[in-house]
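Going in written order, the chains are labelled A, B and C, and every chain counts its residues from 1.
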Amino acid sequence: MANEKFAYAPAPESRAVVDLAPSYGLFIDGEFAEAADGTVFKTVSPSSEEVLAEVARAGEADVDRAVKAARKAFQSWGALPGAERGKYLFRIARILQERSRELAVLESLDNGKPIRETRDVDLPLVAAHFFYYAGWADKLSYAGYGPDPRPLGVAGQVIPWNFPLLMLAWKIAPALAAGNTVVLKPAETTPLSALFFADVCRQAGLPRGVVNILTGYGDAGAALVAHPDVDKVAFTGSTGVGRAIARSVAGTRKKVTLELGGKAANIVFDDAPIDQAVEGIVNGIFFNQGHVCCAGSRLLVQESVQEEVLDALKRRMSTLRVGDPLDKNTDIGAINSAEQLARITSLAEAGEAEGAERWAPACELPSSGYWFAPTLFTGVTQAHRIAREEIFGPVLSVLTFRTPAEAVEKANNTPYGLSAGIWTEKGSRILSMANKLRAGVVWANTFNKFDPTSPFGGYKESGYGREGGRHGLEGYLAGAADPTSEHASEKESATNEGV
Amino acid sequence: MSSVVPAYGPDAPGRLAGLADVTASDAALRRFLHGLPGVDAVGLEARAAGLGTRSIKTTAKAYAIDLAISMIDLTTLEGSDTHGKVRALCAKGRRPDPTDPGTPHVAAICVYPDMVAVAREALGDGSGISVASVATAFPAGRVALPVKLADTADAVAAGADEIDMVIDRGAFLSGRYMEVFEEIRAVKQACARPGGGSAAHLKVIFENGELSTYDNIRRCSWLAMLAGADFIKTSTGKVAVNATPANTLLMLEAVRDFRDAVGVQVGVKPAGGIRTSKDAIKYLVMVNETLGDDWLSPDWFRFGASSLLNDLLMQRQKLSTGRYSGPDYVTVD
Amino acid sequence: MKVSEQSRLAVFKTYKLYVGGKFPRSESGRVYEVTDSKGGHWLANAPLSSRKDARDAVVAARKAVPGWSGATAYNRGQVLYRVAEMLEGRREQFTREVADAEGLSKSKAAAVVDAAVDRWVWYAGWTDKIAQVVGGANPVAGPFFNLSTPEPTGVVAVLAPQDSSLLGLVSVLAPVIATGNAAVVVAAERAPLPALSFGEVLATSDVPAGVVNILSGRTAELSAPLASHQDVNALDLTGAPAELAAELEASAADTLKRVRRPSPAAEDWTRDPGTSRLTAWLETKTVWHPIGV
């Protein structure tokens, strides 16, 4: 709808809360340092293409140095009483809360996502995640992983650009709570919030080497994963890279957690609460510009309400505000990179070429930066590429079904299995559908909800292992009954002798 | 649907007649109301809260404040009301800010039936401000139908332009939908102007706090609109839960869907508990993003409020002077 | 008694595969000689399964998944207990086969069979408890009901341990099916006979056809197609030597199978099994629903 009477004036969040340095080094052993070979790269704001800072680009030598620092720090960190580790994590949680506005603005700048989301979703969840795992640090023997669970050692963690700080929290908080030390590599397009997190660690007085941050590209991530002195690998990102990591650790004793792609079905039955379902569809695919592995990118709508739902959806999409990520009224920000924009554009073109009908509301996109209007495709079948491949952008594919059985069949007809949505007012149908959907997270009459207590992770090619909740500890602990643990605890006791 | 007609226009009854089968019997009406899509409470409240985070600044804020002032049904509904109090309220409604004649006047003065004539006289002709009267034994409504009708007719005869009736919540909660429907129809009849002239507009108050569930509020919205309501109104202001962003959003969705389905446009009036400019702007954002331009006028959206006006005036002064205003700089009556 | 036994010509058993509830020969028509652990004394010919046999077994397992994973945990527990009952009834046969296969004395072999029976009883009791132990409500910070429950991952390919032809086999197989998965088991290469006979126990134990499929043959030959198979969800490498295990794990990476690596040290099959073999084949599903009126 064209709202002309009540036009919202610009409401920009101030950038002044963020003090950006012109350049940043790697954070190794408690200090910032240039890369061994002196290489740097630029990080830009995707909404303006403005260069925000120059960042050191880690290479193999830096990976080795960081892993050594983490190994050294593990000797004392792993031996520290859980209660003391917990107190460090509580400190971090509190400092993150104090600095949340600064970090939210920084994240919006570097990532392109709207301040409304970094302020109301990312940062509160980041702090909550540290607060939650802080409490586990001295209660690990009650977590159900044996009477005396031990840390694994050094965790090598590689995270994506879609939720830079939140993914960092998902990785670092459980790792530290369990007594591991970490080397974390943020994505090359969003290195800044991890470097600011290094400063949070400094303020918290975290011992040096417990957290090491290596900014860089895929080669640094690959070197980290392959490093022989890494005991645990945690990765969030594409299924393609996930496969390569799984191959790279084959035959080692490294424990692995992979949180990969998805192509979630969001299933709307004819007895759904329609207005809330429309909100759920919008939140499912347009939250964070659709850069969400668990996005509800396939809308499965029952044929009897297809027209009603699509009309309401289009009406709602017309009210979405695309633009400046730092404007407090922006619903959809910038696409994270030119590369990602090209991928979205090409898949959308494939959708048209394969005969699906494309629709987007009239919306003006800024002239600089990377932008893609919220888009939906109707007349999509399971055979279309846009129904099978993860687009990772604000593009919704609409398919229809007639019966619950058909909905289940179509929903599960994908190698992915990360998430799914169900919309119906009938309780027994929800439970039946939830049982049959092959997905790690099922949202019924809601979508894209996250909580530190709630395990998250996929079935099938969406990866393995869980992050969040009690389950999230498993990937960082060596349980007594697990054969992979015997090796790790031997190593751990060996290092303890050195203390 | 060829075109949209206003609920209080001459074509609306014809449109409603098209849905006669729905209201043909108690059973038919029940089936229809219970066939409306359900409401997920958490999702509805989350959407309302989300819209509440919109940041309305500078020019948008100035527009919203003036719009909000122009939408106020400036209300006094106390047992202690006097002619003097009502006259003062009318004066305030006509010139809310004596220091700035550019300030818009309010939409209506809302009083008990026995004060209608006083308000009518105080406002005079050509003020552009309506006299609204609560009726039907407001707020409980617990009297016999003939008394409710007499109450209504009396207020209309005294010059009320708008009637705010209360539904029989007891009948609604016990499932006697047809009884509620017929009663609204009867009150609508009683809104006719004796001796010709345009009928008083009918606002139907649900008392959302007593309806208790969002499903009930959606059903009640449709029931009232089918019965000929010109406005649907959240509450009397006399119970614990009055207008909330969520229950108002739900009613906005109902009038939107009703217009899509029937072609009749109905207004919405949240009442009770809206005291600050910030609150009022949140409601206007909901109207803007749920219904759009068509409802952004006092013809289609009202605030039932008393203290809200002064807060809007203080914010208005702040915008024009750049400094914060205080309660001594707005009039208290 | 002894005289008549000696004078009577024994009836040899033709050992066959157990696939989809039936006892087929290898489609390849191949067999290989199985000898006892000591002197190379011929015991029987075992089917030398082919890649196609492995594929057929996966098809049978996949077909069994909906029914078995959808069965109530109580029902699965009773079926597993029935396996224990059937095995108990054939103690003597298995004592003889295990003694031959592993070179054990009759009394030691009997103890192994008893332990195998008891292991089925242990896992029979787990079917309706594991969800309570590893699942539960998550106290999220909002008006949502949030519950995590374990679910079977699907089809699990199991390389049975090479060193323990019956107890080892049972120890790796029982947790797979206790949790509602279907299994394709590659029996110990040099000692497959107890495993093949065990198919007969399963066939008479109310275990639905296809829930367990048992192949004999070359571990390396059979495990390769299973590791790369796109319709296999998980891989237990317990019976794979280190080098093969690394290759198979790399191959399984293409389909992101859940992989349990072999233990670096020899496993003690008599010790408390713990729950890690149950949880290895479980996915955690977390369901959210708003709480409102």
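Rule of thumb we're sticking to: a residue touches a chain if its C-beta (ideal position, glycine included) is under 8 Å from a C-beta of that chain, and two chains touch if they have at least 3 such contacts.
Which protein is which chain? UniProt says A = Aldehyde dehydrogenase DhaS; C = Aldehyde dehydrogenase family protein.
All values derive from a computational prediction rather than experimental measurement.
Interface comparison, A-C versus B-C: the higher count of C-beta contacts falls to A-C. Among the chains present, the centre nearest to the common Cα mean is that of A.
Inter-chain spacing, taken between the CA centroids of subunit A (Aldehyde dehydrogenase DhaS) and subunit B, is 45 Å. Computed from the mean C-alpha positions, the centre of subunit A (Aldehyde dehydrogenase DhaS) lies at a distance of 37 Å from the centre of subunit C.
Centre-to-centre, using mean CA coordinates, subunit B is 70 Å away from subunit C.
For subunit C, the set of residues touching two or more other chains reads 144, 290. Multi-chain contact residues of subunit A (Aldehyde dehydrogenase DhaS) (touching two or more other chains) are listed as 445-446.
The set of subunit B residues touching two or more other chains comprises 40, 42-43. Of all residues in subunit A (Aldehyde dehydrogenase DhaS), those touching subunit C in their complex are 128, 144, 146, 239, 242-247, 249-251, 253, 258, 260, 415, 430, 434, 439-446, 449, 451, 453-457, 459-461, 463-464, 466, 469-471, 479-484, 486-487. Interface residues of subunit C facing subunit B in the complex, by the touch rule stated above, are 143-144, 290-293. Every residue of subunit C that touches subunit A (Aldehyde dehydrogenase DhaS) in the complex is listed here, in rising order: 133-134, 136, 138-142, 144, 146, 148, 153, 233, 242-243, 245-247, 249-250, 252-256, 258, 261-265, 267, 272-276, 283-290. Contacts from subunit B toward subunit A (Aldehyde dehydrogenase DhaS) in the complex involve residues 37-40, 42-44, 46-47, 53-61, 63-64, 67, 253, 284-285, 288-289, 292-293, 296.
On the side of subunit B, the complex with subunit C involves touching residues 40-43, 45, 212-214.
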